[in-house]
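Structures for review follow.
In what follows, subunit A forms one complex with subunit B and a second complex with subunit C.
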Partner chain A sequence: MTKRTPRTTLTAYLFLAPALLGLFFLTIFPMLGVIGISLTKWTGLESPTYIGLDNYTEIFTSDFYFARSVAATLYFALGAVISGIIYSFTVAFMLNKKVPARGFWRSVFFLPYIVPAIGTSIVWSWMYEANFGVFNYVLRLLKIAKVQWLQDPRMATPSIIVMAVWGCGSLIVIFLAGLQNVPRSYLEAVEIDGGNAWHKFRHITIPLMTPIIFFNFLMSMISNLQIFVPAYALTQGGPSDATLYMVYLIYREGFMRNNFGHASALSLIFFVFIAILTALFFSTSRKWIFYEGE
Partner chain B sequence: MFSKRLLLLVLVAAFAVLAIGHVAAQKTEITYMAWYNTTQSEAADIQATLDKFNSSQAKIHVTMIVVSRADYETKLNTMAAGKQLPDTCIMAEPMTIRYAAAGLLANMGDVYKPDEAPLKSLAFTYKGKVVGYSCADEVLLLYYNRKMFDDAKLPYPPATADKAWTWKEFVSVAKKLTKDENGKTANDAGFDANNIVTYGADFNRLSWMWPVLAVSNGGGVMSPDGQKLLIGTPETTEALQAIADLYLKDKVAPSVGDRGNMPSLDVTLLTGKVAMATSGQWEIGVSLKNSLKDGLVYGVGVLPRMKKAVTYNTGGPFVAFAGSKNLAAAKQFVKWMSDESNGWGLITGGIWMPVSMKYYATEKAMREWADNSIHPPFAEYKTAVIDYAMKNAVQVPWYYFPSYDKLNDLIDSGMAAVWNGTQTASQYISSILPQAQKLFDENRPR
Partner chain C sequence: MKMASHNSDRGTSIVIAILISVLGLAVLFPFFWMARSSLMSNIEIYKYPPLLLPRSWSFVNYATTLRAFPFARYIVNTLSIAVPSIVGVLLTSSFAAYAFARLDFPLKKLWFTLVIGSMLMPTAVTIIPIFVAWSTIGLSNGYTALIVPAFLGGGAFNIFLIRQFFMTIPRDLDEAAIIDGASHGRILFQILAPLVRPVLISVGLFTFILYWNDILGPLIYVSRTEQNTISQGLANFKSGFGTDWKAIMAACCMAIVPPVSIYFAGQKYFIEGIVLSGLKA
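Right, the complex of A and B next:
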């Protein structure tokens, strides 16, 4: 082991410097700035005025949009996470079998993940177009009345959930990696004991996959709670606030309506909410996650 | 030795001449921020206008900052927060008075001589101070497909304000023009409202446009002095319900969802999807002219009225920022930009209407810009658009009320319920009224 000297310490810090500088200047300082701004009334047009916790009080007592934004965000996130996990696990399970052109199919399902979100949003908006879009074309062939996919407040979020699920390529890859690590010997043991495919899936695959499911669930929940692009590019928070997701509300309040103080308070509340949710998931994880060797 | 001194002297003199020449040639630099709507090629058109300005000026040079329309507010607000505002810009209407209330906009009332100032109706005013004039005059109108009226043997919509249809007359005509896939009109027995192929009327339901009917009914969003909220008045809810009923009860208008999926106005009129539709004057140049070659024969009339004949006027303003280090040059540029000769193509092309009184003063002056193949027949355009704009137009409240966009957000936040009939206009407006009052009180100019 190399002995620690001032020179080696300096070298270590020099190597760490890019990461540390990024952490301080791009994460910690802006977060401190947001905390400071959240305690002010600041339009961005005039100097900020210190108002203590008034922004927070206002959000919880009289903000017209907060509750509906939270509801819209949770509706989307839960829908996208649950459907996304089921979809990606199913696809990964199938791709783990010996199907023809397996590499090709794996690429096909991963592809949506690497396409820029703004591009996919535009393509989906064409497919959702009520008169000429492909979905309503199919409905027309089936003699079913057309659906206002993005114009109907009841349909807007489900439509965006479908888009999010389609882009679950990264979850599929992680599930696939997990499935490939399920030891064959365990599955063979079930077969020797007379178990069928369901027994293998229920008693071997699922328990061994729980850490992966947990990881994907958590990451997917965090990213879906922060949904922004479809609300920005397709619906602008509408119709009738049906897609006024929290990050879009923060953006609109701050950058379009000049309520930077209010927007900062919203973003901190949202940050704390996600942190609490994450902690809750972690606290319950030991009850349902199976770690080999424990 | 002497030659060295001479050489030094010559060099010093040369430097002095160059330096003086440089100072003399140095121009005052200003920046102008503008948006492009769909393609960046629009930026080239704006740059061409700026090039014209730059070549005409010995002492001022303007540089363009161009931003997509979708990101414009974000960009400007970010620049303001960072104290990096340009010297001048074209501004989105709803944010103008918010900037004025923060003291960021320069007084533009002193830029023009009394006889050259743009129309008073185009002045964005905060506490008596004019902070900008619209780049163009725009009013809301009623467009229609002439052929459909001819086929139905119906008289065209009125082209003069004093003969404006009452709402009842408007709905009555719309019913006669609405047809289902079996050719039955909305008045016929067995009319199939679920399979309409031609809608008789589309009254624009954009949150800033529909209140024009409420103004006609004696209501509106707020009083013209910006001191009283009118959104909760029976006159406003009656007008809102009347517009919603075009789809819900009268069965003559598309649902708000169907409307959102319709193509541009020229195509909806050309294809007979809609027989009459309300929108802005700009449609003549932006949309309607595109289908003339395909045989579109359209007309223009005044909006239907509930009590008095009235329309809204609007137009984004050119502004100069009070904090500009070269404010005089910035104001000079704004004045130059608002001169019609620098946007003549947009005016004769039907997108803009002039801002100066001189272009409305005589028929000859009006014909200069409005009597051409793009505009509707001059006689009709004169009464339905020009006279209507001069005599019957009132300002959208964003000309004098800060944060009108926040009120629009609120009004829009649940309007689908009204348009789809799950709530009446009265129920919905009552539900948002306390918040609207709060927002109004917070922003009302005092």
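Right, the complex of A and C next:
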């Protein structure tokens, strides 16, 4: 490490200046701004009027959409995170075996992650289309009645969860890399002791993978809670608010209805909501994450 | 006994190979369905039972779609945001990563924690105050608000990733250079940056994808139609041509092919970038 001298301090702060400006202007001040604006009634045209905690009182007592939005977001995120983790771990586990063309398949599973969500959402909505969509064709072959995938309030979120799971290829790549790092010698030791495939999986693979499972779970939770594109492009929050996810609600209040005050209060609540979930998740981590060398 | 276990191993491998192929093809199916639908006539696309492939490939759909979906302009618009942003991200995140990896200075720990902690901050939370700030200085309509953030550190995640790489390079290299009188700027650009080129390429490619795919940013800051980005153009096209599925699929194809080609060209960097983000964190 270059020693601390006034000169290196100056260089360091010069190098850090853009990042620190970013920290203040893109995170810290906007955070304070959200709090400030949430205490006002403001459409952006006239000057804001201070109304204290009225926005919050309204949200928690009379806002018709808020509770539905929280429920829809939690439902989606839980579904997408849990199915996404199970799907991606299973695929990675299989890819970690001797599979022909493994590199090719890894690229295939990753592919949905890098294409524009708006494009893939639209393609899925065509497959979900009630009369000419391919899914209802398959159902008809199986003699099952048509499903209004995105138009049925009970089906909309599950349909979007399937899209999200399809798009979680990054998790597969991370899991696969983790599995490849599990030392062969540990697995062989279990074999020598007469253990079978399940023993290896349960007592070596899973414990060694817990830090990566934790990381994937956390990142996947934070990104899925912010689901926006399908709600914006396909369902506009409907049907019957079934896909009125939080970020879409914030966008709608803020930018379509110009209720900056109300939308800021929602943003702050959303922030606290994610922070609580993250903290809860971290607090469980000590109990189930295995750190080598402890 | 040995034989039997060998056979059952082979049996499992075959089952796994089949499962992976079936799942992999299922993952590719939406891409296939998009391409296939984009080449069909109206009669073919609504046929029952659905055709697997068009009888005659209607490339004319693309010509018709292009009349309402100015793909070339969308590319130019998107690149005018993405290219400067890539430069900004690479420059400013490398600077910050260098300071955190190589220099000692007061409050280093605090800044590091805050910068890295901001990674967990959901972007959606601050969209309103940031928009209000841009509109106060009259820049809420245009590309400025989308490009400038790239020059303000280039994202905590990238700083962290590049820093991790700098840490793996022996200090002897830059210490020798310091003795020879090289400045920190020279060490960063002439010694360290070339050594971590793969991670810089990963960061650059992911930044491109991020801007190509972004929709919320353009929705908020780009309101003039002639300035629309590709994702925005696609969203508008879908709401304007709601049920003309062959045209919509052609537009989707156009929006999806460029990132897919870039992905296949730079696959190694994408995969490594993702792996490192997961394993280094």
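Following the convention adopted for this analysis, the second predicted complex is superposed on the first by the 291 of 294 C-alpha atoms of A that agree within 3 Å, B and C clash if a C-alpha of one lies under 4 Å from a C-alpha of the other, contacts with A are read in each partner's own complex, and residues count from 1 in each chain.
What we mean here is this: a residue touches a chain if its C-beta (ideal position, glycine included) is under 8 Å from a C-beta of that chain, and two chains touch if they have at least 3 such contacts.
These numbers were taken from a predicted model, which means no experiment stands behind them.
In the superposition on chain A, A:Leu45 makes contact with subunit B only, while subunit C stays out of contact range.
Shared-chain residue A:Ser240: touches subunit B; no touch with subunit C.
Applying the stated contact rule after C-alpha superposition, one finds that A:Ala80 touches neither subunit B nor subunit C. Ranked by how many residues of subunit A each touches, subunit B and subunit C are led by C. Residue contacts after overlaying the shared chain place A:Glu129 against subunit B and subunit C alike. When both complexes are overlaid on chain A, the residue A:Thr8 reaches subunit C alone and has no touch with subunit B. Looking at the shared chain after the overlay, A:Ile160 reaches neither subunit B nor subunit C. In the superposition on chain A, contact of A:Gln148 is made with subunit B only, not with subunit C. Of the two partner chains, subunit C is the only one that A:Ile174 touches; subunit B does not reach it. In the superposition on chain A, contact is made by A:Phe255 with both subunit B and subunit C.
Touching of subunit A by both subunit B and subunit C, each in its own complex, is seen for residues 44, 129, 251, 255, 260.
Listed in rising order, the residues of subunit B touching subunit A in the complex are 73-74, 77-78, 80-81, 95, 98-99, 102-104, 255-258, 260-262, 403, 405-406, 409-410, 412-417, 432, 435, 438.
Looking at the complex, you find that subunit A touches subunit B at residues 43-46, 62, 64-65, 68, 129-131, 148, 151-153, 238-242, 251-252, 255-258, 260. Put simply, subunit C touches subunit A in their complex at residues 12-13, 16-17, 19-21, 23-24, 27-28, 30-31, 33-34, 37, 45-46, 48-50, 91-93, 95-96, 98-100, 102-106, 108, 111, 114-115, 118, 120-133, 135, 149, 151-154, 159, 171, 178, 184, 209, 212-213, 215-216, 219-220, 230-231, 234-235, 238-239, 245, 248-249, 252, 255-256, 259-260, 263-264, 267, 270-271, 274-275, 277-279, 281. Partner subunit C is touched in their complex by these residues of subunit A: 1-4, 8-9, 11-13, 15-16, 18-23, 25-27, 29-34, 36-37, 44, 91, 94-95, 97-100, 105-112, 114-120, 122-124, 126-127, 129, 132, 134, 137, 166, 169-170, 173-174, 177-178, 181, 212, 215-216, 222, 225-226, 228-229, 232-233, 246-247, 250-251, 254-255, 260, 263-264, 267-268, 270-271, 274, 278.
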